[in-house]
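Shown below is the structure under consideration.
Chain nomenclature is as follows: A, B and C, assigned in order of appearance, with residue numbering initiated at 1 for each chain independently.
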Amino acid sequence: MNSNGTLAKTTHFITHSRVWKSFFRHAYPDNDLDRALVMNTNFLLHLMPVKVSRHSLKATYSFGLGVISLFLFVELVITGMLLMFYYIPSIERAYSSMLDLQFSVPLGLLFRNMHRWGAHAMVLAVALHMVRVFYTGAYKPPREFNWVIGVVLLLLTLGLSFTGYLLPWDQLSFWAITVGTNIAGAAPLLGNQIRLFLLGGPEVGQAALLRFYVLHIMVLPPVLLAIVSVHLWRVRKDGGLARPEEGKS
Amino acid sequence: MAEMQTRDEIFPATPNKTYALMELVKRSTPSVDRGPDDTVMSWPNLVLPVTLLAIGTTLFVFVVSLFLNAPLKEIANPDVTENPAKAPWYFLSLQELLLHMDPTLAGVIVPSIVVLALIALPYLDHARAGSGVWFDSARGMRISLIVALGTLLLVPLLVLLDVPMVKVGENLVTLRHAAFGQTLLGAIIVPLAAMILPLALLLLILWRLRATTREIALALFTVFVIAAATLTIIGVLFRGPGMQLFWPWAMPAPH
Amino acid sequence: MTQLPGTPNQLHVSRRQFIGLVWAGALALTAAEGVAALLRFLAPRVSPGAFGTRINAGKIDDFQVGSITYFSAARFYLARLDNGFLALYRKCTHLGCVVPWVEAEHRFNCPCHASIFNKRGEVLAGPAPRPLDLFPVQLENGEVWVDTSQIVSREKFDEAQVTRV
């Protein structure tokens, strides 16, 4: 602070300005008070506690799979929004908009690839996250309900991936969805009704494409986001990551 | 009396205070009664790894996307069925089940039971002990490993038993089909027995071992995870045209 | 709430509770109406003239005995058997793949799960649980009409299913 260099002066000016102080209600977190303040006063960081148990920080305990799933979802929302600028959910134009993305839109191929592989990675990460939580017994009280929320999130992830699968409108997607929805149609009593409502008709066609599109971009992501928020909130309220009783770690 | 003494030693009751220590309870509370070494400041000990995971995840997907292109086949044609017509990979374990039994059983009943069991799990195994410990104990780990190996052997064996190998008239059909045809027995009872009998045997062994609830949960979940993974791998790598089995390196091109 | 003398204890609902119940009932009813409206709005619709309506397949004499004719837009195969017609829905009864007619082998081969059907739609092999579904066929003034709005599923082939010429 007492250096006379231009850089230090500028830094001092910026970090002591009214605007900066209206953003950040703490000094640089190099002491415990500011380290506590930064966690409490920053909107994104307040999802995390001020202090965290050493046991939960071990990489071989959680493998960071929940965090990875969350960031894959963020990445999918961003690339998904970019793809929406070019994609048209009509059976005449969907496939040609895919070709457009592949061959003429600058970086279109890259963003489609990222969306596709990110989606596969998210299904895998969420599944592995569940396997980790199970084998570490982290579903035990008081975390029972958060495990149930987690099962719902797994199903929602599968639903998001499945509805997105139809959108390219190529042979792969068409027949995968035909086979997939016929599994639902096999249910006794309401099975065929559910299938008809999902597809908007007896076979995969324009109605099905539009329904899957709306579910994929407008219905399921906000629902997933809301439930993920509850999931993270419950992690904090249930006392952070599960850890063994005192003296047993 | 000993407890009373401790309480008064810690926090002597005085008439001029409006608050007092009422009771000492022997139980763990969140962080409060733990030593200061048990926790560390989240900044930077938690913030840094989370940030690195964010960067790493994005970078991983980015690099993969640079080198690997997402598949795009020819435009959808309702008149020409893809051969093989496979569901997305995470549903291939279900699709594999559909090859071997009645669609209602494979597509509805089995997955419903799995989802309901997953939801019910924390209410059935509700002992607090073992929370936050991988595999609960050395014995829990041994049980999981043995069950995993058993499932890894049994599932492909059951799939291979249901391969078309009997000649009936001009067509090659499965043993099950040759013996029972399209009957209730062949489509429901026999596949159901193939799934339930090994599980019943497993539960019997666990019961003889006086396994805890957690150990039974470990065994059953391992069966589910390994069976799902094995069926998915069979569906992705080994099923070719007509959903026949092929070696991955001898897979005929789809037509 | 004070109880009137002589009123039996069971089934006593106070005014406050009663109004509460009426409110709860009204809310539940409104929610149910909302759900019903949503379902009605989202129910699939059939457009006239397409698959799902009654279709003229052509003249009876145009179909040779023993032939299989594919109507792609209407999703069925018209089988001319020795004694009449069968309209077979092209969807496999297992998981709904389109079953192509293989003229050389004289049978339907499902590419998805290897079910095999003969020209009457009967299952020869594979996991398909039932013969191929049918559409009702009517013969009027020498022409063949197929009603694709009705899918008739059957457990096995029966001579009564054939529309006789």
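Please note the rule applied: a contact is a pair of C-beta atoms (placed from the backbone, for glycine too) under 8 Å apart; a residue touches a chain by one contact, two chains touch by 3 or more.
Being a predicted model, the structure only gives us computed values, none of them experimental.
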TODO: Taking CA centroids for every chain, report which one is farthest away from chain B.
DONE: C
Open item on the list: Looking only at C-beta pairs that count as contacts, which pair of chains has more of them, A-B or A-C?
Closed with: A-B
Task: Mean-CA-position distance for chain C and chain B (Å) - done: 35
Open item on the list: Need the CA-centroid distance for the pair chain A / chain B, whole Å please.
Closed with: 20
TODO: List the centre-to-centre spacing of chain A and chain C in whole Å, with centres computed as mean CA coordinates.
DONE: 38
Open item on the list: Using the touch definition from the top, which residues of chain C touch two or more other chains?
Closed with: 95, 97, 112
- [ ] Mark out which residues of chain B touch at least two other chains, giving numbers and ranges.
- [x] 78, 80-82, 85, 98, 103
- [ ] Can you tell me which residues of chain A touch two or more of the remaining chains?
- [x] 175, 178-179, 182-183, 186, 203
Task: Residues on chain A engaged by chain B in the complex (per definition of touch) - done: 29, 32, 35-36, 38-39, 45, 48-55, 57, 59, 61, 64, 67-68, 71-72, 75, 91, 95, 98-99, 102, 109-110, 112-118, 120-121, 123, 127, 131, 134-141, 143-145, 147-148, 151, 155, 158, 161-162, 165, 168-176, 178-180, 182-184, 186-188, 191, 203-205, 239, 241-246, 248-249
Open item on the list: Give the list of chain B residues in touch with chain A in this complex.
Closed with: 28, 30-31, 34, 37-47, 49-50, 53-54, 57-58, 60-62, 64-66, 68-78, 80-82, 85-91, 94-95, 98, 103-104, 106-108, 115, 118-119, 121-123, 125-136, 144, 214, 218, 221, 225
Task: Complex interface listing, chain C residues touching chain B - done: 72, 94-95, 97-100, 109-114, 116, 123-130
Task: Contact set on chain C toward chain A in their complex - done: 39, 42-46, 51-52, 75, 95-97, 112
Task: chain C-touching residues of chain B, taken from the complex the two chains share - done: 78-85, 98-100, 102-103, 164, 168-169, 171-173, 177, 182, 187, 241-244
